[in-house]
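Going by the order they are written in, the chains are A, B and C; count residues from 1 in each one.
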Amino acid sequence: MEQLLWKHIQNVRTKSPLVHNITNYVVMNNTANALLAIGASPIMAHAHQEVEEMVNICQALVINIGTLDEYWTVSMIQAAKAANRLNKPWILDPVGAGATSYRDTTLEYLLSFRPTVIRGNASEILALAKLNQEKTKGVDSTAQSNDAVQAAQYLHKQFGSTVCISGETDIIVAEGKEMRLFNGNALMTKVTGLGCTATAIIGAFIAVTENVAEAAAAAISLLNIACELVAKNVEGPGSLQMHLLDKLYNLTQTEFDQHIKLSA
Amino acid sequence: MEQLLWKHIQNVRTKSPLVHNITNYVVMNNTANALLAIGASPIMAHAHQEVEEMVNICQALVINIGTLDEYWTVSMIQAAKAANRLNKPWILDPVGAGATSYRDTTLEYLLSFRPTVIRGNASEILALAKLNQEKTKGVDSTAQSNDAVQAAQYLHKQFGSTVCISGETDIIVAEGKEMRLFNGNALMTKVTGLGCTATAIIGAFIAVTENVAEAAAAAISLLNIACELVAKNVEGPGSLQMHLLDKLYNLTQTEFDQHIKLSA
Amino acid sequence: MEQLLWKHIQNVRTKSPLVHNITNYVVMNNTANALLAIGASPIMAHAHQEVEEMVNICQALVINIGTLDEYWTVSMIQAAKAANRLNKPWILDPVGAGATSYRDTTLEYLLSFRPTVIRGNASEILALAKLNQEKTKGVDSTAQSNDAVQAAQYLHKQFGSTVCISGETDIIVAEGKEMRLFNGNALMTKVTGLGCTATAIIGAFIAVTENVAEAAAAAISLLNIACELVAKNVEGPGSLQMHLLDKLYNLTQTEFDQHIKLSA
C-alpha cells in the first residue's frame, strides 16, 4: 500500500492537475500555495457567470463552506451540480457543520450532488450525518470516535462518498473498508486552515487517481508527514505554516517511506 | 499591574475563548493565526443568515471595517446589534475612518451599539470623535497626540468604550484613567494588518477578562513584546510576520516580565 | 539605464505613494505586504459607495480580476473610469484572460478605460489582443513568443498601454521600444500570485515615475532580483514567499547593480 501511495504522489507532481477551488477567504492563499507545492495547478473562481465553465476546464473541484454567504452558496451549488453532471470528482469540506442552521441547510443541498469525498473533523462528520438521518436514529448516545465512523459509514451509504475524518488519527471510510492514518503533529491545530489544506490536496489527488480511498490516503499522508517532519525543527505555528510549503514541495520517497504509518 | 497582565495572558491560553471575527480580507489569515497562537479559537463568519447565531455561540466579537461593502456592512450591524443586546463584549476597528464618507456613515451606526473597545491609530480615533461632535467642538485646532487622547476621552464618554490609540506609544483611555505602553518596534509598520491583529487579540482578552482596560493592556503588551523580541533577529517584514506567530505562541513569563514597559 | 532604474526604486522608497488595489482574495495579503516592503502605502477598497473617493485620494490604481464577480466587476469599472477621468496612472492584471467569456467581457470593458500598463503572461496577453482584433487578424497562426510581442504591440496601439509580458524572460512593449529583462528564478512559479505582486509593485512605480516603461522595468527588476537572491538560500516556495518580503525591503544598490540583466 505504501508504495502505491507514493506513486500517487508522483502522479500529481507529473500530471499537475487543474483544481478548481471555491473555498473560504481565510485559507485561499495557503491552499493555493499548498496545491502549487505538491505540483498541482489551483484556480480560484466563484462568479455565477463563470463557475460552470471553470468546472468544465478543471479536473477536480474543491468546495469549502468556511465563509459562505448567499452569493457564494449559489456558486457552490452551481459548481457541485456541474461536477455531478460532468462526472468530475469533487470534495466537500463542511466547515462548521452543525454550528448554524444556515450551514446545515446549505450542506444538505450540497450533499445531494454526491461529493466524491467528504472531509471534516469528527464533530462535523457527526453533524452532517445527523442532518440526513431520521431524528430517532440520532447518533448522540454513543461514544464520539465510534460515532464519527458510524456517521461516516452512513454518509457513504447515502451519498457514495469516501469520508475522511480528521483528528489525531485520521480515518478514511469507503466501501467495505476503513483505513487509519497515524501521522501528523499536535502543532497542526495551531495553524489556521490545515484541515482546509488537507481538503484541497485531496482534491488534487482525486483528479488523477482512480481509487478514491487511496487518493485520500496519499494526500493526507503527504500533508501529515510533511507537518511531522517540519514540526521537529520549528519554534511555533508561524514557522510550521511556512516550512510546510517547502516540505510539500521537496518531500522525498525516502522520507515518505520512513515515516508513513497506517493500517488499511 | 505587570503580574496581573501576565495572569490575563495565561487566562486566554487556558480558557481558549471562541472569538467571532467580521474582518477584512487582507488580514483574515493572519488574525486567525494570531488568535490560535495566543490560545484562542477564531471563527470567521459574515452571512446575514447566521451572524446572530454566531454572536450567540461566541464569547466576544471583533468588527473591522477594512474592506467593507454594502453586504458586509449589514453583517457588521447585525452582529454589533446582537452583541449589544446579548451583552457580549465587542471591539471595533475603524480602519480608514475619515477617508471616505461611506466609512464614516458606517462607523457612526456601529458606534451606536456601544463597542466595549475601540482600537485605531491617532488619525482614526480623531476622525471617529469628529463624527460625533458638534462641528464647533472640532478637534482640529490642537496638537495631534493630545487630540487623540482628548478624542478618546470624548468617545469614552459618549459610548462607554475603552479606547486604544496605537502608535509608537500605545495609549489606553478608560474611565478616569490613561495607560501608556512603550513596547513595540518600528518594523511593525511594514507588515500589513498588525493593527488589525492587535484588535483581534484584544477581542480574545475581553472575552475572558472582567477589567476591560487591563484586558487591552495585556493584549497590546503581548503583541508588542512579541514583535520587539522577534524584530531583533529578523532581516525584514516577511520574517517578522512569520516569527511573530511563533513568539505569540511560546512567549514566557520571564520574557514578558523582563520587557514590559508601561505607565498606568 | 540601470542607474536610472535604481533611482526609481529609491524614489518609491522616499515618496511612499498611496496605491489603491482592487485585487483578488488570494493575494491581498501578499501584495499589501510587498507594497509596504518596497516603501509604498497600500489601500484595499472596493465598495461602490467609496471606490471613486479612494481613486481620488491615491496616486495609482491596481486592478486585478483574479476572483472577480458581478459586484467586484462594477467596482473595477467605477475605479478604472475614475482613474481615466482623473488622469491617474492605473495598471490592469487580466488574470485568466481567455478562460471564460465572463472574464473576456469584463476585460473588454476595462480596456476601454485605457490602462497605463497591462501586465500578464503570454497567453493572457494573447487572449486580450484577440478580444480586440477582428477575427481574421487572429494571432493563432504564428509562434507563441513572437505572438505575445505582436499582441502586446497591438494592445499598445489600441489603448496606449505599456504592456508587460511575464515569463522566463520578461518583455516590456511600449511606444517604439521593447525591453527584455532576464532576472528571476523558476521557483517563482510555485508561489501563488507573484505575477499579481509584480502588478502591484508596478502600480507603485507608475505612481511616482514619469516614464512608464522605465517604471515597469524598475518594478519587475526589483521583484525578480529579490526572488533570484532569495531563491539561492531557500528549500522551497514557502521560504521564498517569506524571505522575498525581507529582500524587497532591504535590497541594496550594490545587489541591484551586480545582478540586473536587461537589454533595452
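In this section, a contact is a pair of C-beta atoms (placed from the backbone, for glycine too) under 8 Å apart; a residue touches a chain by one contact, two chains touch by 3 or more.
In UniProt terms, the chains line up like this: A, B, C = Hydroxyethylthiazole kinase.
Keep in mind the model is a prediction, meaning the values are calculated, not measured.
Asker: Do chain B (Hydroxyethylthiazole kinase) and chain C (Hydroxyethylthiazole kinase) face each other with the same patch, meaning over half of the contact numbers show up on both, or with different patches?
Answerer: Different, since under half the interface numbering is common to both chains.
Asker: Taking only the C-alpha atoms, how many degrees of rotation bring chain A (Hydroxyethylthiazole kinase) onto chain B (Hydroxyethylthiazole kinase), rounded to the nearest 5?
Answerer: 120
Asker: Which integer distance in Å separates the CA centroid of chain B (Hydroxyethylthiazole kinase) from that of chain C (Hydroxyethylthiazole kinase)?
Answerer: 33
Asker: Could you tell me which residues belong to chain C (Hydroxyethylthiazole kinase) and also touch two or more other chains?
Answerer: Counting only residues that touch two or more other chains, chain C (Hydroxyethylthiazole kinase) contributes 25, 29, 71, 241-242.
Asker: In the complex formed with chain A (Hydroxyethylthiazole kinase), which residues of chain B (Hydroxyethylthiazole kinase) make contact?
Answerer: 25, 28-29, 32-33, 36-37, 42-50, 53-54, 57, 71, 241-250
Asker: Which part of chain A (Hydroxyethylthiazole kinase) faces chain B (Hydroxyethylthiazole kinase) closely enough to touch in the complex?
Answerer: These residues of chain A (Hydroxyethylthiazole kinase) touch chain B (Hydroxyethylthiazole kinase): 24-27, 29-30, 66-71, 96, 99-103, 189-193, 234-239, 241-242.
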